[in-house]
């Protein structure tokens, strides 16, 4: 098969990309100077060579002498709080908000409701991590920070069930992100659950 | 002008209705049996005759012997809390959530940021109402319940400014609906402000 | 039931209007001066009194001394061409284009593919009309002007089948609207059928 | 800068890709086995090595011993008709329709209305091509096949102006794709221009 069709096929596997746009990508790259394609190929190789996964929080980060990402290395990170998030991009969003200074753990995905749990969802490694932090006595709170949809709710309750035995009696709080009106929400269109929390959390 | 065009013009004034849909409404009514049109005309007349505005909360309600709506009349309504909302439909939404049992006041609209305040925004009547409730000593909390957009934020802060002198030193709290993740919000797409409150209100 | 709920119910039957918007209509009318509601009710009554259906083309038009709409009355209307359209609004669109000066017939709806044909689709009256025009010898062309979707295609072929026996050997053409690129169409996104016609009709 | 950010930057230059999705691509590639990234990098290199531009129609095609694409080489291609299209993907769409067997010329882009013409729009090379075909006497028709938007209309009329002197008196037709209803068009929503052509091209 010719490289245009082959490239289109590969791009069509990208999240949210259909056949037509994949094809457009291929032709776009054809028109670009070869330098752009070389740079793209180079960075693809670099990904494998220069990016490592943090042994503590499982985030992808730029390789250094240590196997810990900058946040896990950082002395100023408040290790008494651990936020469990679904994926790397969630980390970026929370960082950007500048309203959290604790540690993270990237679960890798949501816990599915019906199908069996995929291998890339790291509940096992999470349990290890929590056990370690609990023994060291540093951990005081676990924040479950998942999207407010059925999958997120399910992941939240599942993790509470899984982690309960380990934290019980250890004076470690398990919390979830607060619910209420989010920026842009119109009262008229907000559901009862959201209103209930918006009233409970009024200030 | 013929009734079809005239009707189309009137429907085109309805919120969110363009010329084309307005016209479709007119033709739709032509095809419907005359009984449907008669019923519609009847109910339009009824609106004026059978609907009154509550003297206390300014809500529209079905006329009764009293000039108070069922909520303002109801002995079980907790008069110590007053929720200020923008419009009647917001009342329906809050009721549906079954998470609030206090009193209401329908402001009638948002306080505009630039233009002068329209007459239908009842800040004057609100102030009267608050003064009355304050003297009677029944009022303990005012909840500002507006949509989380620039207009809602502006209305919130304006009302706090306007009501401050009346409630100061009277041990009356002024609160706003709690902010956080609302149902459906994906962490990845939530803004910093929402995340900040979601973390503050975590539980 | 109170007039607000009743009105909301009636508006919810309007094409493309959901419960929420229907309710907004009711509250919108409450806020409007009673004059607006009176005018609306008046025009609703006028619809039945002042609008008639043209005996020839079945269009709704403002009652006059005759039972023919202005187009069917008009001496300048080219009676040798008859355009069959689905509904009254299609008439307005064709008129607006100023590219047709012939006669019309409003079928009243599309011919469904699976369900039995509804009474408001006037194939019977159309056949009568065609027979009359054929005998008078005035008719030279029948234009089938339906939307280019499965229902429109089906209606087109069904009418050709139904009308065939009446027009055969009478030197009356049966045509359908030309196909090709329509304003806004991007070549990249146009389907094979459209391209085929766009090439056939190139000029 | 780390490869994730760098890759995100490169992907963000892709047509229709925003920063957020670009980032998601980078993380997606991180999670994929290195084999996928290697394959992608390989195909990017292949693009430059194995894809050539046809000297006649300017299309990109898989390199062979000749410098002509399969269509320009093909004995069965009807060289008496030349279709001028904007880009390579348009070629694929026309081929798919199986309704054209003539030659092509890829212009490379639309002729802008206000800004100066970009270098990648090959009006010069087109003129050369037409001159050649005219002298050889093989050319009988030029089809201008552009999208039906303001830019496409402008490109159509500009090319007619540019090519006129060359084809005049040579008995070569210049045509544009036919206009009319395209698949999916609803009569009610079609504009006057489209209706005008739909009537003119009725059959």
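Note that the chains take the letters A, B, C and D in the order they are written out, and that residue 1 is the start of every chain.
Note that in this section a contact is a pair of C-beta atoms (placed from the backbone, for glycine too) under 8 Å apart; a residue touches a chain by one contact, two chains touch by 3 or more.
Worth saying up front: this structure is predicted, and the values here are computed from it rather than measured.
J.: Applying the touch definition from the top, give me the chains sitting in contact with each of chain B and chain D.
T.: Touching chain B as well as chain D, we find A, C.
J.: In terms of residue-numbered contact pairs, which of B-C, A-D or A-B coincides with C-D for over half of them?
T.: Having compared contact pairs by residue number, the answer is A-B.
J.: Just how far, in Å, is the C-alpha centre of chain D from the one of chain A?
T.: 41
J.: Averaging over Cα atoms per chain, report the distance between chain A and chain C in Å.
T.: 54
J.: Taking each residue of chain B in turn, which ones touch at least two of the other chains?
T.: 87, 89, 188
J.: Sort out for me which residues of chain C touch chain D in the complex.
T.: 85-87, 89-90, 93-94, 96-100, 143, 145-149, 152, 175-203
J.: State the interface residues of chain D toward chain A in the complex, per the touch definition above.
T.: The touching residues are 2-4, 6-7, 10, 13-16, 20-21, 23-31, 34, 36-41, 43-48, 50-51, 60-62, 87-89, 92, 120.
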